[in-house]
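Shared between the two complexes below is chain A, which pairs with chain B and chain C, respectively.
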Partner chain A sequence: MTTKQWVKITPERVELNGEPLATTARGTALLTEIYRTRINDYPKFFKMDELCKLGFIASELLLQAEGDRHQDSEDRAVILFNRSSSVTNDRKYQDTIQRPDDYFPSPALFVYTLPNIVTGEIAIRNGYYGETSFYVLDAYDEATIRATVEASFLDGMTQSAICGWLDCEDADHFEASVYLIEK
Partner chain B sequence: MEELVLELKKQIIEVLNLEDVQPEDIENDAPLFGSGLGLDSIDALELIVMMEKNYGIKIKDPSAGKEIFKSINSMAEFVQANRKK
Partner chain C sequence: MIRRIADNIYSPLGLTTADNYASVKQGRSRLCRYEGAMGLPNPFTASLFDWDQVERLDGYTRFETIAIQSARQALAQTTIDPASPRVLFVLSTTKGNVELLDAQAESFPEDRVHLGTAARMVSAYFGNPNQPLVVSNACISGLSAQIIAMRLIESGACDTAVVIGADVQSHFIISGFQSLMALSPMECRPFDIERVGLNLGEAAATIIYDKVDQIGADEWQAVSGAVRNDAHHISNPSRTGEGSYRAIRAAMGEMPAERLAFVNVHGTSTLYNDEMEAVAVNRAGLKDVPVNSLKGYYGHTMGAAGVLETILSMQAVDDGCILGTRGFEELGVSKAVRVSAQNAQTDKRAFLKLLSGFGGCNAAMLFEKGGER
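And then the complex of A and B:
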């Protein structure tokens, strides 16, 4: 497997292939800043939960760096891992059902109460019909991540993948370390 | 009625996270779904919750939503006729 592009995002900093991007905001406002300055053509971004926003921004930066947009294909997988599952959004949803006298479950929050939704968001945006998987681990574990991604390339179909770590504890604590790799 | 129409537009923008939309961008008779604001089925469910939370209106028959949420005007007429708060 060959790493073609990589991106690292924390609440304070965004690096693409080792080069820091010029940004001024922090936390989830940083994700909105990147969206506004570098993407700005997908209003659904504003409906996403924080984990999806993080994954969406990471994937967009990787794909912009790749150049010719690889779309409508069955040979690109999206395989992501984290520790916090979808807890940031789960808490928000729980808040809508916590009090019997103010019980209004939000459908828009409910749809993001699973971590693998982000893999679907990336696949829908780009027309990827290959494997999409999301694994929740006890902690960051490079050996497990590598073995899992390598196994995905054995299906005879997958030629490339957007893969890596995508964790969001809350609006001020998140980390993306995501790669575009090829067989 | 004009006040209610503006109130509904503001609520829709907030509840549905329509980040780049202003109340004046929403025409009173334009379709909210499909070609209009481009809302989807999850947005429709969120509007049903909004009607209950803000106006005390329970929409028990989801298929009725098609007529109620046709436009801002149809929503405003329905709210005015059925609101409990």
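And then the complex of A and C:
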């Protein structure tokens, strides 16, 4: 497998293929800054939860660096890992049901209480009909991630993948370390 | 070739695979209507454990308990040493211990709400030293977990995979599905013209796989599997069944439709899921193959569903039976599919299992008994 592009995003810093991007904001405002300065054509971004925003920005940067945006395809997988699953959004949803006198479960929040929604958001944005998978580990573990991604290429259709670590604990604590790799 | 070694279903209908199969074959279900349960203001119909009947393990949550109980029963049928570094635990769940977020919840360390921590509790119970892999791919997790288990065995990352699917129901999950207007107030009716939604259920199920050069005549083989996305919408299935159709095509490979005893669909009994699956099955050229859904017996057991329904389908083929679709009477989808209403006989030895879920994901797996392939 060959790594074609990689991106690392923390609340303070964005690096694309090892080069830091010039940014000023921090936390989730940093994601919005990248969206406004480099993407700006997908208003659905503003409806996403933080995990999806992080994954969306990471994938957009990788694909911009790749150049020609792919046409609809089935041969590119999206395979992501994290520790916090969707717990940021789980807590927000819990707040809508915690008190009987203020009980208003939000369907818009509930939909994002699954970590794999971000893989779907990336698939929808790019017309990817290939495999989308989300795995949760109790800590970052490069060996497990590598073994799982490599095994995923046993799907005969899959030729490339957007894959890696995508964790969002809350608005000020997140980390994306995502790669575009080819078979 | 990837071989099933052992399995277990731990559900409100029974605590062994044999008990579950016998109950389902007799048409039994534990779906029932609850009013005022779990502090929910609105009534719901679900298949829930009688928790007084479950042997609770000290220091483990409800979710961890049923996962461990199921895996323990499956492992007891084998000579596998679960503490071996060549054994991998793969856990399929959507919400794990999410109920611990509730201020009223039983007291456990806060970190247990993390799926990886809960999975480590389960694998550590058996002394397993490896990082357990949690598959959290919404409702398709139970097939995703079996597919990655197959591939990790094939790639040599492990020799044996213990795949556990489990979810328990809670205020969190049921209120969420109620807010999505996805629940049926009555027992669900998969593929029926009068279906209005799904029922939720709780269960754990375990299936253990290893690799062999030759499959025995009475052994089960996980032949192939695939996950594909609709690339359409995060919560509504594709009208063309795009991802499901592509997953079926990938999983079936060269397998002729005539070899299938049945297609065990997701069949949640929501308007959109069942319609989408009818389109996908029809498009994939499987309109003459019997189709069944098991949601009328268990409700939608989320992370457990893919494992539980795979095991029951294996039991059914062993018994020469196509299980009936409890709750189904009159076809209510736009494309022709042969839904099996009642139990029927079969002498075929293969089946296809389907699931679809939020995030636009779809999975298909092909299973066959014996070593013809």
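Keep in mind that, in the parts below, the second predicted complex is superposed on the first by the 183 of 183 C-alpha atoms of A that agree within 3 Å, B and C clash if a C-alpha of one lies under 4 Å from a C-alpha of the other, contacts with A are read in each partner's own complex, and residues count from 1 in each chain.
The rule we apply is simple: contacts are C-beta pairs under 8 Å (C-beta built on N, C-alpha and C of every residue); 3 or more make two chains touch, one makes a residue touch a chain.
All values reported here derive from a predicted model rather than from experimental measurement.
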| item | value |
| --- | --- |
| Superposition on chain A - do chain B and chain C clash or fit | fit |
| Chain B versus chain C as contact partner of A:T37, first or second or both or neither | neither |
| Chain B versus chain C as contact partner of A:T3, first or second or both or neither | neither |
| Chain A: partner with more touched residues, chain B or chain C | C |
| Partner chain in contact with A:N17 - chain B first, chain C second, else both or neither | neither |
| Touching partner for A:Q71 - first (chain B), second (chain C), both, neither | neither |
| Touched partner set for A:F46, first chain B, second chain C, both or neither | first |
| First (chain B), second (chain C), both or neither touched by A:P105 | both |
| Least C-alpha distance (whole Å) that remains between chain C and chain B when both complexes are overlaid | 7 |
| Chain B and chain C contact sites that coincide on chain A, given as residue numbers | 105-107, 111 |
| Residue ranges of chain B in contact with chain A within the complex | 15-20, 42-43, 45-46, 49, 52-53 |
| Chain C-touching residues of chain A, taken from the complex the two chains share | 72, 74, 78, 83-85, 87, 90-91, 93-94, 97-98, 100, 103, 105-107, 110-111, 113-121, 123-124, 126-139, 141, 143-144, 147-148, 150-152, 154-157 |
| Touch list for chain A against partner chain B, complex | 43, 46-47, 104-108, 111 |
| Residue numbers on chain C that touch chain A, as the complex places them | 39, 41, 94-96, 98, 101-103, 113-117, 119-120, 131-138, 144, 148, 151-152, 154-155, 157, 171-172, 175-181, 226-235, 242-243, 246, 250, 357-361 |
